[in-house]
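After this come two complexes, each holding chain A, first together with chain B and then together with chain C.
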Partner chain A sequence: MNYDFNWMIVLTGEYRDWLIQGLVITLKISGISIVLSMILGTIITTLRMTGIKILEWITISFIEFFRNTPLLIQLFFWYFGSDAVLPDSVNQWLYAHNYEFAVGVLALTIYTSAFIAEEIRAGIISIPKEQLEASRATGLSFVQAYAYVVLPQAFRIVIPTLISQFLNLTKNSSLAMTIGVMELTYMARQIESYSFRGFEAFTVATLMYICLSLIISLCINIYNKKFLRMIKY
Partner chain B sequence: MHWEVVWNNMDYFLLGRYPAGPLGGLALSILLALGGIFLAFWIGIIFGLLRLSKRWYLRIPSIIYIEIIRGTPLLLLIFWFYFLAPVIFHRPMPEARTTLMAFAVFTGAYVAEIVRAGILSIPKGQMEAARSSGLNHRQAMTYIVLPQALRNMIPSFVNQFVSLTKDTSLAYIIGVQELTRAATQVNNRSLTAPAEIFFAIAVIYFIICFSLTQTSRWLEKRLSYRTAGKIHQKAIELLDDSLE
Partner chain C sequence: MIRVEGIHKWFDDFHVLQGITEHITPGEVVVVCGPSGSGKSTFIRCINRLEDVQEGKIFVEGKDVYSSDVDINQLRADVGMVFQQFNLYPHITVLKNVSLAPIKVKKMSKIEAEEIALALLDKVGIYDQAHKYPAELSGGQQQRVAIARGLAMQPKIMLFDEPTSALDPEMINEVLKSMIDLAKDGMTMIVVTHEMGFAREVAKRIFFMDYGKILEKGTPEHFFKNPQHERTKLFLREIL
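Showing the complex of A and B:
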């Protein structure tokens, strides 16, 4: 292997700024998507747990469909097909506001929410049924019982898996480069095309991803050590 | 709606230009997934065992490999192989083979973790009993512990295979003519029916992945009924859900 490494090219000047911009976009798109997909995932799970057959059926098909199709296809579907699928007003708004980024968030949110819904359900199942029954008996409505009694307890249990979903999301967000979101992988690829310094750019990008993953794993470990001990079943 | 675009190109989606040209489409996606999981199985067993080794010079490299791969997006790994292969081998490599290598190395790290968890889940008494009956460590591992662990791992392997099948769509990025590439080509050519095309492709992936997921759930139930009671099965289900 004969290849002259030139690390300065990616550690100084314009290319370094590109990589940092890419990292910021990666964090932004994953941050927004994880918050939205947690909200969507919670709604889906709650609808599924209502006991109404038709809602249960719809949510299960939603979850199974989006879990069992590739994210890349979903991205392309929303990116190329949003004209046919979404209402005109939404499309107009998307075109006006950074279309690629918005579509990236949309696809990542829906994909991740299907996984998160399953995890929240696992958390809810692990809460004894008496909790719901007791709060219903004290006069709370179904929604209140869920919002104030069941969900807060379930969330404490599923937080570690939700954090690891965030890690998956950060990695999955690299696929958004295919529709033109200028995140970390896109920038590394860009530097490769401009300067033929692919190895340096990809090394720095890989190290950034690994650092993110290590930081997130550390968060999970700290949470498990400090908080999970206190929860008694 | 222009569903006829989908129907007219169905043979291209399923087989590519085969038999007139190279194999592509869904058939290539499945071949990539099968080849990838086969190679990843062996990589995973080796590194899973190495990670459990008592010798640090075997354990540390395997931990580094697993953690680096698990922290890196597959897309970046594919680019790595794509740009690294010509430098190492001094000649360009076919794209399909490049992605196959990337899939094997990527999935291998995940399989290694499955193997490790599977071996750790076998009660210690099995190893101790095997050792005290006169087998050495390697024999006890190959004849007693691994066969039991592998059987328990089958559902997780199927799940990993489903992920890999979905991930083969990433081969699109460096120009492999698999299902996703075929879809984008047809989309670029027709320009009239993007939503229909990508929905149809999603359904094709869904049929394969969903039937495999259901198989893995069925296997899980069957295997756990045989080994232990219903409580054990519930625990496995919850654990699996949280790992995904």
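Showing the complex of A and C:
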């Protein structure tokens, strides 16, 4: 233990800027993926609940497949395999833009949406089926009944578990460094290899992740308190 | 208006509706009564296809309810329904409960839909509760909101499934009053209820159901004074 701590090196100058750039990328990749995975997860669950057998079969396969394979493998799969599985036009668009970032968003979104779909489904199951019935009886279509009656109630119930999915996603975004997304972990690693100040760099990065998690929890709790009206049947 | 032709329904191997054929004319108020489990709810739920039938047909205004090319959402918009447990949407206000379907199904503007909703809430006597949430209302008030919600789509038919059975006794009359008003306005109504006072006052016909069949039917006069069937007599003795 005769390591000579040097915090200033990562809290000033170029290395500090790298960490901040990394944090910004982490925020971006997580934020975009959270929104997209919520949308995708909601769509998947709604399709699953239609009672149409083929849709049920497809969505269950999707969920089980992506929940039960490692995220790292999925990242590599999309990164190295996008040529093979995505349409040419999509690939061209990806290459023209930030390919690594887009693949990172794609992988995180699909992986997390599988978990979110299951959480939302648990919420839907806890809503009395009479809610769907009463709204269908007024002439609302299945999708409308879900959009305006069933899902808003289900979301309120599953907010705590959704928070943990958002936090998982934010932490999981560090894996995107393996495909070259220059997010927070990537930058800390970068500082380590330039300066051999790995301990300081990773400590600061860790603190940033913790702050980020706390902020996400806090925001959603505020939302929760504000909008969680008394739901009684 | 409503033509029911020989419907049979099974829940697995339980034969819940055993051949019902009826014709209900515009403006008619029909009260359906009978012991618990006799299939009353199932019967009226078939009329707006909340349940499927395995045999027979139902026509609402000439439209075959069970045909695959009927626009079921449109058909349901023409048939309002009120449930025993109210089933209001707990996460939105009373006003939104009532105006949701007109806005989303009829694509009415929010302003117009809320105007209609407020007029209906006024009609059922709870105009001043419009901005509350369902849980803040008494049972009687909630059921009147449910009636207003059912009416918001300007339906031609209203179905009621034991609308007062979940209410405390002191709240039953306020709900019945709204239903009587509606009947007097000429609404076609099928009402599952054991409120025989209501039946006497507004029913044109009373159906007595048992074991998935309509055992006896007739005007209130006939029904109360000269019930033919032993089971009807037994039922009336228990309930009156």
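Note that the second predicted complex is superposed on the first by the 218 of 233 C-alpha atoms of A that agree within 3 Å, B and C clash if a C-alpha of one lies under 4 Å from a C-alpha of the other, contacts with A are read in each partner's own complex, and residues count from 1 in each chain.
One rule holds for everything that comes next: a contact is a pair of C-beta atoms (placed from the backbone, for glycine too) under 8 Å apart; a residue touches a chain by one contact, two chains touch by 3 or more.
Just so it is clear, the structure is predicted and the values come from calculations on it, not from any experiment.
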Q: Scan A:Q131 for contacts with chain B and chain C and give back first, second, both or neither.
A: second
Q. Looking at the overlay, does A:E183 come into contact with chain B only (first), chain C only (second), both, or neither?
A. neither
Q.
Comparing chain B against chain C, which has contacts with more of the residues in chain A?
A. B
Q) So which bits of chain A does chain B touch that chain C touches too? A) none
Q. Which residues of chain A touch chain C in their complex?
A. 128, 130-131, 133-141, 144, 148-149, 152-153, 156, 229-233
Q | Residues of chain C that touch chain A when the two form their complex | A | 48, 50, 73-74, 76-77, 79-81, 83, 85, 87-92, 100-101, 104-105, 133-135, 149-150, 152-153
Q. Quick one: in the complex, what on chain B touches chain A?
A. 1, 67-68, 70-76, 79-80, 83-84, 87-88, 162, 166-170, 172-173, 180, 183-184, 187, 194-196, 198-199, 201-202, 205-206, 209-210, 213, 238, 241-244
**Q.** Residues of chain A touching chain B in the complex
**A.** 1, 3, 64-65, 67-74, 76-77, 80-81, 83-85, 115, 118-119, 121-122, 125-126, 158, 160-161, 171-172, 174-175, 177-178, 185, 188-189, 192, 198-199, 202, 205-206, 209-210, 212-214
